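Look at the two complexes coming up: chain A is in both, with chain B in one and chain C in the other.
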Partner chain A sequence: MSTTSLRNPWGKPRWLVGITWVYILWSLLPVLLAIRFAFNSGRSRTSLQGWSTKWFFGDNSFSVFGDPTLQDALTHSLVLAGLAMLIATPLGIMLAIGLQRWRGRGSGPANIVALLPLVTPELVFAVGLFLLFTTAMTTIGLGTTAQVIGHVTFSMSFVVVIVRGRLITIGPDVEEAAADLGAPPLAVIWRVLLPLLAPAVAASLLIVFALSIDDFVVSQYLASGADTTTVPMRIYAQARAAPTPALNALATLMLAFTLIALGLAYAIFRFFSRGEKGGSAIEQIASIDSGGGR
Partner chain B sequence: MSEGDIRLEGLVKRYGDVLAVDGIDLHVPAGEFFTMLGPSGCGKTTTLRMIAGFERPDEGEILLDGSDMSSTPPHKRRVNTVFQNYALFTHKTVAENVGFGLRYQKVSKDETNRRVRAVMEMVQISELGERRTSELSGGQQQRVALARALVLEAPVLLLDEPLGALDARLRLDLQVELKRIQEQLEVTFIYVTHDQDEALTMSDRVAVMKDGKIEQCDVPQKLYEEPSTAFVANFLGSANLLSVEARAAGAGCDVILGSFTLKSESSPEQAGTGTAMIRPEYVKLEPHGSEGENRIPGMVEEVVYMGFHQDVRVRLANGDLIRADVPNDGDSPEYEQGNAVAVHLRAANLRVLDDYPDELADKPAGDADIAAL
Partner chain C sequence: MQKRRIWGFFAAPGMVWLGLFFVIAFYAVISVGLGNVDTLYQPIPHWNPIDWNVGYLIQAIESVIPGGQNWDVVVRTAIYIFSAIAISLAIGYPVAYYASRHAGRWRGLVVVLLILPFWISYIMRMFAWTNLLAPDGYGSKVLSALHIDSLLSSIGLLDGTDWLGGQGVTVVIALVYGYVPFLILPLFASLDRIDQRVIEAARDLGAPPASSFWRVILPMSKPGILAGLVLVALPMAGDYYTQTLMSGSPSTSMIGNVINDYIQGGPDKSLGSAMTILLSAVLLLFMLYYLRTLRREQGEVAA
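And then the complex of A and B:
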């Protein structure tokens, strides 16, 4: 009886529970539908025609593993995401430590600038990079390098946010304690700061991976041709030309990669921060992930 | 000469326009348990952090055994710190925490193990070696922090309110233990606290600090019995402050309080218009009409039952209000509002102070004279 729960402030908020579930189902429904059609045995992406994995592994030239363009896109996406992850994370960690220690004139604006990519419309950002690489920095030009630089640039802000959150939790005292006990500055970072940052490092690596792998706008603008086509670009292009359930299969694979990455991030985070109280950093990851669905 | 002699000369630290430490000169001989006591913002922690090397003094020198170390980085200073919030390495076990600093001292593995075991035994955490620090109670974490600093056998140990986060019972235990360890190792302890009990019970000497300066520095008994300023008198225990006129009289002073003249054993150099202080427990209440020097008639205005003593407030004949602690020892009479009494302010306990506190000047005479914590 909903009326009793409204009158009774100690009762369970059934209405809120109900609305929450409706929302969850509604937001999952399109994803589930897309996955369902990846396993369609027919060619249609609109009517159900039985179950099959042929759009993944089928020997016809339309399946993900049969169509070389889809395979190339998948490889390119993974390479991009891997490079972005390995470059953006260390840079972001260094930037975060630097910003955290920087006191005094200039530190305020620097903080804002470092986080600007979080709020800049991605299209503006991508167009800006496009102009940069086609006019000013023509030695780099468009292509894989430009794409990696683009992904690194926008995902570094996320690393900064994650790592700084963790740095605040750690506090300046442990670094002082380590120095006080005789550790030289580099040893303080290697033996104390980085191990304590491990959960944030793991989270950063995988967030950057997830961000990069489903990026469309930046990849599209900085692409130079067929060999720099990523999965989202491939799906978009083919969806307008001759779509088959192979696109759904590809998207499903992407989703799986992203989910695995996030699951790993969560597991590693929990492993490294076991025994600690509070979950401020994990909440940050959650909020970043939801906000990062660019 | 044993090691651990600390000398601060003209130490100054500014944060922007704020003068955190305003010219501190201090000598702590080797092996002393020295306490810096003061309210928050008095500069005691900043001074400690400058000795540790975390802050750079703007002026002045910090000498350890005669050589200036004010430009030596913290990891090269032969001083170790126990932090208020322990600052343990949560990614390491207790034993790893304790042994952390030994790695940088080129100590062999056997020697490291031996020293870690010995120091853990001394602070009674031998059985906790393999635990993670997050599994420990506050008191245990404090012991780990202490062991981690002690294992390096530096001649000076700095302690920044190490017992601040612990409950009262545990604090008492650890006070006794800290004192024992300090005496056993003969290490110089520089201890920062805002807790007067900690300062009085453990220290060989105490510096009371205010606004970046040392207000008074002496052994605990002297500080308590013969405070030189109202600030010190109030910070350590509670005090009755009286506006008086002091006149030199032989080896002591005559203290003029309204129409009464009292004797004080304070030095005749203190003569002048100023403040006299007497602790509530030294104010003796005698039956109305008692004769003798340093006795003033008064009337009980208020009695507050405090458990182990009664807090009796007496209006003196000159109009001042004075507080007397009357012990609940079964022998002392119970006072009631309106009782007429004679208040005995003994010459030995009536001190003429150096200063004239501002708060007394601002308020009308009378009730303002009680400044009890």
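And then the complex of A and C:
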């Protein structure tokens, strides 16, 4: 008992260490086990049964690459994520640059509208788009186009937050210098601002990809049938209907794509912002996350 | 002058996009909720406010007040959300506190591990629990070995031993599991911002650790706590998939399930839209509160 009474009361409380690591274990272990079941050689997804990759590549109609519905879901998720990434990033960058400088009538409400998708419950947002495409914009209708539009709309706000954070870090000095030396406004943007924004652009591209590939509610509301089913929709539909480990294999592949995208985002971010002060790259990426619940 | 106009031009494509697919999309909810239906019960939106018909809105309001058919669901949703955010705070605050102030050389790793769940699809994380909580799953076995299932049964929180068979307690724990990472990040940010010298000052002035926590750290992290709780309560209020995956029973339905059933399930899209209008009206204040704190933080960084 003497050690406890002598311990510095201002030191690191041990129970905090314990609770943190127990939490981390609890938050990740179920997912790690779900991945492990994907490699089962048996049919169970509730207990360990040897090792095999047959639920990924097996020569049977149950594996991810043997069952066309699973394979189509994976392809469709990747197509949606790719398109959303290529549309949301340029739109979001321009919006962020514009909002950052635009001071005047209308800029207050514009700022709120640009950030509102971050906090709108996804159900409200998905119901809105569903009704829009089924009543007013029936030429677009439901399907892949509608899904891409939905993903772009919610992920654009994340791009705005990332790029504005970077614009604040850069500050106005470099641009003012370029303008003072006679560069026309568009040249300032193209030759000074965009290169400085490169890490934020890379982070935005891949984070939009990750957000889109993980999305469930918007994809489900705007889907038009079997050929517009995404991976999360397939998992949702089959999770309670006696699935095989192939469903775990599908989830594992989706997670692998997300983590590759994030790893790339992090590496590119590090590469472009090397030698800069102000928080580690990890924490800058972390700070991006403080919006949205999806 | 020309300089200013160019910035407005830059913001234009994004603003037009958000105008069409965010603002007008929400207006579509209002127009359908305040519209009418044709003979096949398909919604006919009334885009012009002069034509608005409040019938469905009144029907929706009558269903969520005491005695209405959705009153039980409203109460249940409130209980689930309050329990889930209270448990999330009890778990999230110590974790964020350790990560921001005491993790030392582990800090980088701890932060990465805390962010990781954010990037794993929510549906996959719920699916992982359906593997574990199945009657023969490892989770059920561990909980049974620790007698947690019999303990919860004896106080009436668990009915039988099937965790996935319509148990409210499973839904609440799943909500905590799903959303606690979103709470930890803003808590981490607000605790990280507290200047170490303030805590040292409290110590030097003779405050014991407990009172320096209650009277210095906790009050200083209050804005972060409130913003974080709002941030996780908002998506919970529109959640229907957690309930379907972890229970699926009408006895654990939340308000999101009711709206989802009206819109995707049956012929009551107009009533579903009216419910969505009500839900948004309730949540709007919370949304604006969160945006205000977000913008204030960005302003601080800029200053």
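Structure notes:
By our rule, the second predicted complex is superposed on the first by the 268 of 294 C-alpha atoms of A that agree within 3 Å, B and C clash if a C-alpha of one lies under 4 Å from a C-alpha of the other, contacts with A are read in each partner's own complex, and residues count from 1 in each chain.
Assume a contact is a pair of C-beta atoms (placed from the backbone, for glycine too) under 8 Å apart; a residue touches a chain by one contact, two chains touch by 3 or more.
Nothing here was measured: the structure is a model prediction, and the numbers come from that model.
Three-chain overlay on chain A, with chain B and chain C fitting side by side and no clash. Looking at the shared chain after the overlay, A:255 reaches chain C, while chain B stays out of its contact range. Between chain B and chain C, the partner in contact with more residues of chain A is C. Of the two partner chains placed around the shared chain by superposition, chain B is the only one that A:184 touches, whereas chain C remains out of contact. Touch criterion met: A:46 reaches chain C, while chain B stays clear of it. When the two structures are aligned on the shared chain, A:131 is found in touch with chain C, with no touch to chain B.
Judged by the touch definition given at the top, the superposed model places A:247 against chain C, while chain B stays out of reach. Legend: residue contacts after superposition of the two complexes on their common chain; A:72 is shown touching neither chain B nor chain C.
Of all C-alpha pairs spanning chain B and chain C in the superposed arrangement, the closest lie 8 Å apart. In the superposition on chain A, the residues of chain A contacted by chain B and by chain C overlap at 185.
By the touch criterion stated above, chain A contacts chain B in their complex at residues 171, 173-174, 176-185, 187-188, 192, 195-196, 198, 272, 275-277.
Of all residues in chain A, those touching chain C in their complex are 9-10, 12-13, 15-17, 19-20, 23-24, 26-28, 30-31, 33-34, 37, 45-47, 91-92, 94-95, 97-104, 110-125, 127-132, 135-136, 149-150, 152-153, 156, 160, 164-165, 168, 185-186, 210, 213-214, 216-217, 221, 231-232, 235-236, 239-240, 247-248, 251, 254-255, 258-259, 262, 280, 282-283, 285-287, 289-294.
Contacts from chain B toward chain A in the complex involve residues 52-54, 73-77, 79-81, 83, 85, 87-91, 100-101, 103-105, 132, 134-135, 148-149, 152. Those residues of chain C that touch chain A in the complex are listed here as 2-4, 6-15, 17-19, 21-26, 28-29, 31-32, 43, 45, 47, 91, 94-95, 97-99, 102-104, 108, 110-132, 134, 136-139, 164, 177, 179-182, 185-186, 188-189, 203, 208-209, 231-232, 234-241, 244-245, 248, 256, 259-260, 263-264, 269, 272-273, 276, 279-280, 283, 287-288, 290-291, 294-295, 298, 301-302.
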